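Would you mind keeping the following structure in view while I ask a few things?
Per-chain numbering from 1; labels A, B, C, D, E, F and G assigned in written order.
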């Protein structure tokens, strides 16, 4: 069964290599990509089942036991993330194949996309700090290229910001790894878990905070988020969707992983994280309110909602972390969906600017429905998954007597709703204030909504509804995963041996 | 004995390298500085390589030193030529100590340089 | 002496084509294959001496850079038997497949296997999966250099407005 | 109960599609849901009235205490009957109100979902699920109010309603969690049976009350309700009578018996807010010209009264409140339906314009008159009975100053009710002699079709029947009251109490009300002369504008779009977080200056080259300095004992140089000089800080090394197990082959990126 | 031999710093690339001296590569200067 | 712990920081590269004292090989990304004649709007 | 394919050279390594064909030694001169760019001579002109233009003697007899 663990990395990478060798044979590339991503999804599901039954599984790559070699570890948290991300990657792949004006036709989309998928999986599985850096780089480098695919002026501008900030973060990541090795003589995370604790407190804190900054940039927490709303909206829709759904969450994942495994926090750490969480929520949602473009609003929402995840972590209770995990899963699905819907809008009308949109409720009701469900969910309204996630966090926060943070989270969720209605009223209600750019978007006829774009979007909406309906097992899973994060021993023993 | 020869070779080589460095400071224009830098430094390197070849223990290492030596002999003049040519073509100022420029003369009379279409 | 105007030779050179230089050409011709050979040596020797797939690949890449300085990106395209991206795809596939091959057997991902056999006349011939992996690395690196030289290296010298803008 | 809710959901889901084929008849389809509910509730009524609540339960997320625990007791029964009964009528009415137009299916579906959500609110025993349905009513009402989405006013009103009620809802959620966690359960029945107490619970109740006040349009949150008039009239009728606004009253009624006595602020808060709402609503209603708005403010006023009654937590008041809930649903629904008829026939609702409609549509007038009379508390209607019950109860509560003020307030409020009711009748139906501002509407208005009028008429008939035969309604109201408060033992609805002080109050009410009506123009003028007080609507608007402004300002500051700023923030964060954490650590002992003079020389070289790179004004010079740094670092690697690293460094440095050449041949030769000195100063400061921070950190980190590094194993195992002497290479290809795999993947990506940048071609490509 | 190599290293360091000075001073690109090229040669000499000091060939591959690469870099920059001016 | 190496690290980070705070992408790339050199030196310092090149079976007092391997990987990765960044700046030149990193248009618009409102209000 | 096969014999020296380097690099003369070297060498040559250059005619060992010796002497002499120039305070620098007509018998030989000039301190080949064959040499101490031309031309003759075809040697000797001096007019 250990064979399952490397598959989500190896399969897409192998396919990426083949896809490049298949130079410009688009059909073959599509078939290869779909096949491999489906296989990886199957592998991750099987892995989740195993891990749920047996606890964390570690693979010592190359047969070199920890801490000599690189270890890949699938605990419950990682397995859940793998499954969700594999599902998203597959759905967005279908979407991109289905969209007429799409990245899919761009040269190299397929290998890059597959590499991105491999990088994401690799990040989730990394049990070695330096390997985590490498995994991040694989994922990020693919994202750099994908976000600029097409090479328009906007993309170049935003790509520069994105790449430079990410590269800066990566440099600090390497620095942090170097410093950690200097202090402990190891980079294996399970090994570190034991050794970091022996360091003098200031050194340990500084290392933990440096990593927090590094991952915080990737996760787009306050005050390190600004690159995100500038860069995500310019990319082709499938790319933005998968970025929005997955990439920042990989950052959050890394924050949670390192902060629980390496730097289990004290009161001051908790207060710091909660402060960051509140600032992230508030600034993000205010940004969303100030925007008037669909993708930009949604991008600022990402920032805001990262705050919720950090809030769950900052509570440092099982319930809080469980809430964060549940929130992450919910958010990945819902956010991806919303961007796909944004893509449907752009595909139909040629714009995402609220001023130039209006009345789509009447002219493309299917888009309206596909938007409404995830939008309400994202705002934390019942009975959707976002509500369950929010409720979990609110309960955890109240339990931990963090009333201020809970209050802030509730206020922010109202503001989120407010900004969502901005999209609803701007896109689906009313009439455009300015002429939309596309011929077909004028007049009152029905708009073009390609079936292969709707199908995966609808599938994701269905998944998000399923997440809400079957919230009980998922929440239990999140709780168990959180317990696994708080109680580190099984993880460490699986890696290092008893 | 071998060590002594090696020491001499190395010290002379280093002296040449230092001379190259000084030349880089003292000479008036880029062409003159190239005379100073590229060549003595290369020759110095050759001497040092020879000295080192006397000292290393394995035959394979001698071969590698030899390889470097050959490489230097092939590449150093070509590099110097390319830089010099480029500097000249790019219009680098010649120092006032330059007394004659037959290349400029010939270019004024119509030859545009190697590879130009009007050649031959 | 006075400052002279730059040569006009470069002005009608296009698409990365270089003004030829006899001296450079001869030198490159002398060095190209040798550099490649040295890169192969580094590739194979890397397990026991400095070198390996990455360094070897870069040295081979340097050989292609030599071709580029000699004759521009056209020269590189002539020199490289397949497009750089295909080269890289092959390399990546080889490296990953080598690692994944272990999964088919019993081993962990990327665990190294060894193939030893006695060939008459040659004695024991050893092939390790680490070597195959390194060859993949080598190909990727060479491919990278080729891609750079044939894309960035092939671009003309003027921005877009110069030709399209009114 | 689940079946009923499921039916609503199912019909809501199919309605949009069905609407395309059925047209207006889709309302018949959707009416099935409330109709079935009504039948169901009537069949279950006897059991519930006998004190055996119906209970059903489905798990959802037990880990969070979230489950569909439904429970129908007497009070729920009353509410369900109202919701479904009025619902059937509203659907039937809609069939006639609307002309065939696209989107009716969606409208009907949303209305059905709204009805279902309201049912959910009154059937939930689980507080969290109650919240779920609560917010569903907010969302569906948003969609309903904004149905005429091309009208800006409708969109704004929808948003207004949503924001106010959702804000209250969120507060309420917070309150629920606080109360629920204090009680250890989210079951309403369990909490009421054994109410928790303490500061946390009090805080939670404040939040819950906030939610209830917003939903039930209490001052100062009332302004969304008049705005919601932008909705089609059937929606208004439904919203104002049986649903939505009653949700808050419902919740207060549920909680009051358990908490009114024990929580100090409860009664003052509820009674003050309720009375204020009652008076403000009535006062404002007197000033309106739009019949619908007039009624809306009337609703606000009545809601205030209801809150006072059910919120006081006294059995007799609670009983009176239950009676008022029933009465109000009937007459208010009827009145709205009548306004819809008038609007539909006359195409206006302006009472200054309408004239003589009473003669044109007498049936409508009669229905309206009955409903108004009930509202005004005239015998022998249901409204009179509830009014009597109210006065009766209030006179028994006590004789404190507060109680007295409450009585006076209610009397005044009721008088206002009489006055605006009369104004409504006059405005809609009377023949007016005085000239009107914009042309009279009246004589040409056709009488409505009878099925269009039937629902309102039916409601009027019920008002009369329950008035004359209060025993018919009394059972339900008693059951409702006693399920809220066990103390309601022998209270009954009675038409005639005899001559009591309560009757006197009723008479007083009538007198004042009549006076206000007769002097209506004087009252209007008086209102006009009143200094403008800050209105709730103004406050709402100001907060939205303020929010937008804050958002724009904040975003303009934190998201200024400039990369150097962004980078600066990142760097300062690094200095502030880990940097500050490191302050106060002593440098470790055992620092050597250098291991060899050569090291010093090379470091000098590196530093000089780096300085050159920083100061270079020419692009290419900077690149060459970078090369110098790279070669210097390579030598440091050699000194340190890292040949592979040095090799790689030299190769990469050179290849980087090549790429720089390929790119820089295009770019301008020089960087411009930076003119702004301050910014330069900041840069230098941040840079120095960063250098200091990392240098100190690396020394400190290396100094705190306690354990042996893991690398001895590498040296031991490389040759025997990895099969190579070059340990670094064995690590790269074997021990840590996965890293190398990632590394070549990055290179692959970089190549693809470079190729795609060039392949993007010479398109201008700006969007 | 220890003294010899120490003196030699000193000389190498001096030569390297002198090259660096020219790298900083320029003024033309040609000057700088000449300086950088010389710097690399000096570095290579240093490595060779180190090999002479220890008698080990570990770093000789670095030597070969550096010699080759220095040329590649220099010619590249020369090409650049040819088009863009010194 | 070698002070001069720490000094080099500090200077490299300082210079790198200074350069990435500039507006031209060329300077930013150079700054990142210099900072990357600093990071690699940090890794190397993490390995402890200098030693002989880590080749098995030739003696002892070896340098720590692991940081070397890590630094090597980091060098290559940074190089790859920097190369792409350069391609971006090439594209930027192609579209705009410059490699200056522009401000985000939409952000500026919103900031202007906020200021305009403030002036009006 | 056929052209490649026809080219193969002309590539043999390269393959041999590569084999030579291979064997030295590995320090291993086993059959396996020879075969491997041959394989790698031929593979490289076959995979990466290059336009064949004009190969030098024959190798005359004695003449080659003469050429190398002369060149080495010039190298040492010039190094001392330039070193002296650098180390002493006085400045004798008198730069100039001299056009030197050469015979230009083959590309390889021209390159050889040009490189030898460039390697020698004090002289640097700036440009190569193919028609008429001319080297433009930058000289650091230009005391005597004719001496510069003479030295360069003498070096070329030595190179031709060492590596040139017999026809070229004959022609060069004849020209040497005429003592062609005085720059480009002489060649016109």
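In this section, a contact is a pair of C-beta atoms (placed from the backbone, for glycine too) under 8 Å apart; a residue touches a chain by one contact, two chains touch by 3 or more.
For clarity, every value in this text was computed on a predicted model and none was experimentally measured.
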item	value
Shortest path length from chain B to chain G (each step joins two touching chains)	1
Partner chains that chain A and chain D have in common	C, F
Selected interface, D-E versus C-D, where C-beta contact pairs are more numerous	C-D
Interchain centroid distance [CA atoms averaged], chain B/chain E, Å	12
Inter-chain centre distance, chain D versus chain F - centres from mean C-alpha coordinates, in Å	46
Separation of mean Cα positions, chain F and chain E [Å, integer]	24
Inter-chain centre distance, chain B versus chain C - centres from mean C-alpha coordinates, in Å	28
For chain E, residues that touch 2 or more chains besides their own	12, 16-17, 33, 58-59, 61-62, 64-65, 68-70, 72, 75-77, 79-80, 82-85
Interface hub residues of chain F, defined as touching at least two other chains	20, 28, 38, 40, 42, 45-47, 52-53, 55, 66, 70, 72-73, 76-77, 80-84, 86-91, 93-97, 101, 104-107, 110, 114
Multi-partner residues of chain B (at least 2 other chains)	15, 20, 22, 34, 42, 58, 60, 64, 67, 71, 74-78, 81-82, 85, 89-91, 94-95, 98, 101, 104, 113-114
Sites on chain D touched by chain E in the complex	597-598, 601-602, 604-605, 608-609, 612, 618, 620-621, 624-625, 627-628, 631, 634-635, 638, 643, 646-647, 650-651, 654, 657-658, 661, 664-665, 669
Parts of chain B lying in touch with chain C, wherever the complex brings them together	67, 71, 74-75, 77-78, 81-82, 85, 89-91, 93-96, 98, 101, 104, 107, 112-117
Residues of chain G that touch chain B when the two form their complex	21, 24-27, 75, 78-79, 82-83, 85-87, 93-99, 114-131, 134, 136, 138, 140, 142, 145, 183-184
Interface residues, chain A side, partner chain F - complex	130, 133-134, 137, 140-141, 144-145, 148, 151, 153-154, 156-161, 163-164, 167-168, 170-171, 174-175, 177-179, 181-182, 187, 229-230, 233, 290-291, 293, 296
Touching residues (chain side chain B, partner chain G) in the complex	15-16, 19-20, 22-23, 26-29, 31-32, 34-36, 39-40, 42-43, 58-60, 63-64, 66-67, 73-74, 76-78, 80-81, 84-85, 88, 94-95, 97-106, 111, 113-114, 119-120
